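Shared chain: chain A. Partners: chain B in the first complex, chain C in the second.
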Partner chain A sequence: MRAKKTSSIKKVDAFWGYTFIIIPFVGLILFSIIPLIMTIYASLTAWPLGQSFFDAKFIGLKNYKELFHADLFWKSLGNTFFYMIGIPIGLFLSLIFANLMNRGTGYENTFRVIFYVPVVTSIVAVSFVFQRLFMSDGGVINTFLQNIGVTNPPNWLGHPQYTKWVIIIMSVWKGLGSSIILYIAGMQGISNSYYEAATIDGATGLKMFRYITLPLLKPVTFYLIVTSVIGGAQMYVEPRLIFAANGPANSTFTTVIYLYDYTFSNSRAGYGSAIAVVLGVIVFGLTALQLYVNRRTSK
Partner chain B sequence: MKKKKLIADVLIFILLSLTAIIMLYPFIWMIFTSFKPKLHVYLTGLLPEVWDFSSYVQIWKEIPLLRGFLNTLLYSIPPVLIGTFVSGAAAFSFAKIRFKGRDMLFLMLLIGLMIPFPSIMIPQFVMFSRMGLLMGPWTLILPKLFGNIAMIFFMRQIIIGIPDSLIDAAKIDGCNYFETYVRVILPVIAPALSAHGILWFIAAWNDYLAPTIFVKNPIWQPVTVMIAKFNEQYAINTHVPRIMAGSVLLVLPVLVIYGIFQRFIIGSFMFSGMKE
Partner chain C sequence: MNLNQKMKTGYKVLIYFLLLLVTLMTIYPFAWMISSSLKENKDVFNFPIEWIPGTPRWKNYVEIWQKIPLGIFMKNTVKLSVIVTFLQVLTSSFAAYAFAKLDFKGKNILFMCYIATIAIPWQAYMVPQFIMMSSMGLNNTHLAIICLQAFSAFGVFMMRQFYMKIPDELCEAARIDGLSEYGIWLRIMVPNSMPAITTLIIFTFVTTWNDFLGPQIYLTETRLKTIQIGLRMFSTQYTSDYALIMAASVATLIPVLIVFLSLQKYFVQGMMSSAVKG
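Up next, the complex of A and B:
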């Protein structure tokens, strides 16, 4: 009797359990898994975008061969990775600011709110603003640099050596508030007893930060790195809007712009799919690598 | 000792204030510039010498702004509300209901987070095109209705922390799991869920890449795409105040919403945040 009852409870649990998760799963299959399989297959075909997917001609690895021999592809990949320099810079700055904004003073919450403003604002609007701020003559940045004595400020938008830094600076500025908030949340989760014990042992502020705060914030750092890398690999809007034609010497060109142009402007959806697969593999590989490193160093 | 702390406090306050100015300066510059006459942008002062509202008039004349805002609201409010409700239920299921394969299925769902949108946007485009959806609004509504994986992940963390006794009590009162979700779980997670919901709403509001691909009918475009087009057109003849007026209109509604909910959003991160 009792066994029967538990099994019926189990059935009821299973019914509701599956019912609640079925919708997100259908979404995952419909909008991610099926398209992913289609992308992988399409990457092996010659498929003009206008033509039906099922009529696409199978050509084996030809798209990949062409892709790996295309200088523009490697250039775009190099640029995409170069932008990720902003990730450690952002993490470093946000750790410092999180510390400065977590000292129990009355005014900190105002600063938290202000630093978070760029996070919520439209990347489209912000890109147009930064484009103007970085103008070489009359732009706010260079006017400021000249005022403090830099006689020959960089040609931010016109010289391939500087163009990427416009985007890196903007990305750091835009993402800072978000990392700061997550770091502060992490810091508030650390029990005070650690610090009390360390104080008794005579540890000073910097040492406590190095040996208590930093290690205990590792999950936050890990989360931030993973999400920033996944996001960074998909860089598209900023270079597209700030540098209308991929920047001087294609210096701001990214892999997703390459993918977009080949697919939607040149209608070569098969080739575009090959780019999409490589991008997916890179994101997946980088995430897996980070999970692996995180696990090894956690032991 | 006390004096030392006071000096540190003052120095930190000054440093934070200076940085706060850098964080807000682009917006301040954008607002003032949008009110300048075209040629005055080359004057160095931040404030306009003459207040000129013509850029806003021009935008109003050139693009169906009201329609754009209504479209954006349509893409960002109803689907996000439904998607949030769905995500909360899934999170509840993954956190508290026992069934076979639960943790395995959860991991599978998380893998979905690792699939970058550009890797799947071509087939999505083709599917939407086949279904005849490119000329209407559905491409930006439909995917959100199925919930948001990141939201499920965060809400699951929070629901795990809810004591089982609360759920058992509801069971004894004769609630089934749906009633438990609506009456017991939702009220408890409401602050965190709404904070994530607002952030999702803002992300939907700011979305740019997806609408440029999936919305082919100009009248259904969200306001971001309309204004980006307007701005690109004026970037060619460098009419800076018009570009900035466009940007102000894009940013302002979100800033107002953020301003209303800021304490709530930041606060909910403090609690929910990252406790592993």
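Up next, the complex of A and C:
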């Protein structure tokens, strides 16, 4: 009797399940999965953007061969990953500030709102402000550096050695609020009894942070790393807006800019698709690897 | 005891000092933005910075609407952001309900599809997507942007995480009371997931409002463009009009701030329960 009842509920479930999932899933297939499959095929063709997708000439792995021999591609990939230096810096800073804010300053909410404002601000506006702040002549930062006695402040926007740091600093600044909020949310989920027990055992603040807070925040850290790597691989707007071209000596050039330019400016959608596939595989692979490592170390 | 107390006070002072420092660094670019937006163009780079201009030039905020069709851009962006946000929250919470509370064949495979899609950057398939949309006659329409942002794998994932924590018993009880599945979704799931919904609203609204690459690809006609493209247009056309560019930036920031501030109360709770415990 009982078994029968569950199975009838299951049947109801299945029917209703499909009614709920059908529209979202058709959307996913139509706008994500089909284009994704098309990309993979297109990467094996010579496909001028204007031409119909189905007329594109199949050329095998030629695009990939060209891609792997293109210095500019490796440069763009190197730059894209260089920007990810900002991820650990951002995590470290947000962990510290989340911890400070969580200590009952009484103004947590105010701080939280302030730190989140850069996150909701558009990258276009932020890029513009940062470009002006970092100008070598008359920019606020270098004027400040000169005033405190730095005689030869860096040429932030003009020298390939510094250009990437402008973007990294800006990204960390912009993203800090988001990871702070997540860390605070994580910290509030940690039961006080852990800390009480540790206090009885004579643990001090730093030790508690190291052995209780940090390990229990691991899911948050993991989530932040995974999403930041996925987001970081998509770097496009920031360098494009701050450095009109690709920065001095292509120093701010990224893989997505490469992809965009080849596809839309040079109209080589087949080659662009090969870039897209390589980028997709790298990001997907990195994410899978992180999931795997996370699962192994959690056990 | 005295030493201990002194240390505690010192510690507190240090905390406040650090927090104040980082707050200043956070606010600084905004303060500069707002202050510049009220200046004569030639005064923007004066040093030391005159934070509160002697005679604020409010006219900047009038001129920005006349120099470029900012009004049209604003209207387009509001329209897109509202529609996309509404649809994305709706489709995400629909799929999430199925994944969290119902059983059906192929559920795990479908869910894997969603997770995999999160891990693949949009840029990896934006080109065929664009071609597909164009062949459907959707290039240079707002519908294109709406279609491609109405479905979000991340949104589904986030809502599902939250729905998983709503007890099954609630749904069972409602089912026994004769509520249909749609009734359960509307009367039980939606009201019980306000933190997750508001979080998703903030995410989606902000993302759509600030999106650059999507509109750059799809919307090439001035009458269709969004505010970010307009802002960019402004800054390339009037490169040296810093004061005006800053005024336009401030103007575009206000709506998104209003949305964020009015919903932020639930935000931390929403983040905690949906994103953190993945």
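One rule holds for everything that comes next: the second predicted complex is superposed on the first by the 291 of 299 C-alpha atoms of A that agree within 3 Å, B and C clash if a C-alpha of one lies under 4 Å from a C-alpha of the other, contacts with A are read in each partner's own complex, and residues count from 1 in each chain.
By our rule, a contact is a pair of C-beta atoms (placed from the backbone, for glycine too) under 8 Å apart; a residue touches a chain by one contact, two chains touch by 3 or more.
As the structure is a computational prediction, the values presented were derived from the model and not from experiment.
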item: Fit-or-clash call for chain B and chain C when the two complexes are aligned on chain A; value: clash
item: Partner chain in contact with A:F31 - chain B first, chain C second, else both or neither; value: both
item: Partner chain(s) touched by A:L61 [first = chain B, second = chain C, both, neither]; value: neither
item: Which superposed partner A:G186 touches (first chain B, second chain C, both, neither); value: both
item: Which of chain B and chain C A:F20 touches, first, second, both or neither; value: both
item: Contacts on chain A seen with chain B and repeated with chain C across the two complexes; value: 10, 12-14, 16-21, 23-25, 27-28, 31-36, 38-39, 42, 49, 53, 97, 100-101, 103, 105, 111-118, 120-126, 128-130, 132-133, 138, 140, 143, 173, 176-177, 181-182, 184-186, 188-189, 219-220, 223, 230, 233-234, 236-237, 241, 256, 259-260, 263-264, 269, 272-273, 276-277, 279-280, 283-284, 287
item: Of all residues in chain A, those that touch chain C in their complex; value: 9-10, 12-21, 23-25, 27-28, 31-36, 38-39, 42, 49, 52-53, 93, 96-97, 100-101, 103, 105, 111-126, 128-130, 132-133, 138, 140, 143, 173, 176-177, 181-182, 184-186, 188-189, 219-220, 222-223, 230, 233-234, 236-237, 241, 256, 259-260, 263-264, 269, 272-273, 276-277, 279-280, 283-284, 287-288
item: Contact footprint of chain B on chain A as seen in their complex; value: 10, 12-14, 16-21, 23-28, 30-36, 38-39, 42, 49, 53, 97, 100-101, 103, 105, 107, 109, 111-118, 120-126, 128-133, 138, 140, 143, 173, 176-177, 181-182, 184-186, 188-189, 219-220, 223, 230, 233-234, 236-237, 241, 244, 256, 259-260, 263-264, 269, 272-273, 276-277, 279-280, 283-284, 287
item: Of all residues in chain C, those that touch chain A in their complex; value: 15-16, 18-19, 22-23, 25-27, 29-30, 32-33, 45, 47, 49, 91-92, 94-95, 97-99, 102-105, 107, 110, 113-114, 116-129, 131-132, 135, 147-148, 150-151, 153, 156, 175, 181, 185, 202, 206, 209-210, 212-213, 217, 227-228, 231-232, 235, 242, 245-246, 249, 252-253, 256-257, 260-261, 264, 267-269, 271-272, 275-278
item: Chain A-facing residues of chain B, complex; value: 9, 12-13, 15-16, 19-20, 22-27, 29-30, 33, 41-42, 44, 86-87, 89-90, 92-94, 97-100, 102, 105, 108-109, 112-124, 126-127, 143, 145-147, 149, 152, 176-178, 181, 199, 202, 205-206, 208-209, 213, 224, 227-228, 231-232, 235, 240, 243-244, 246-248, 250-251, 254-255, 258, 262-263, 265-266, 269-276
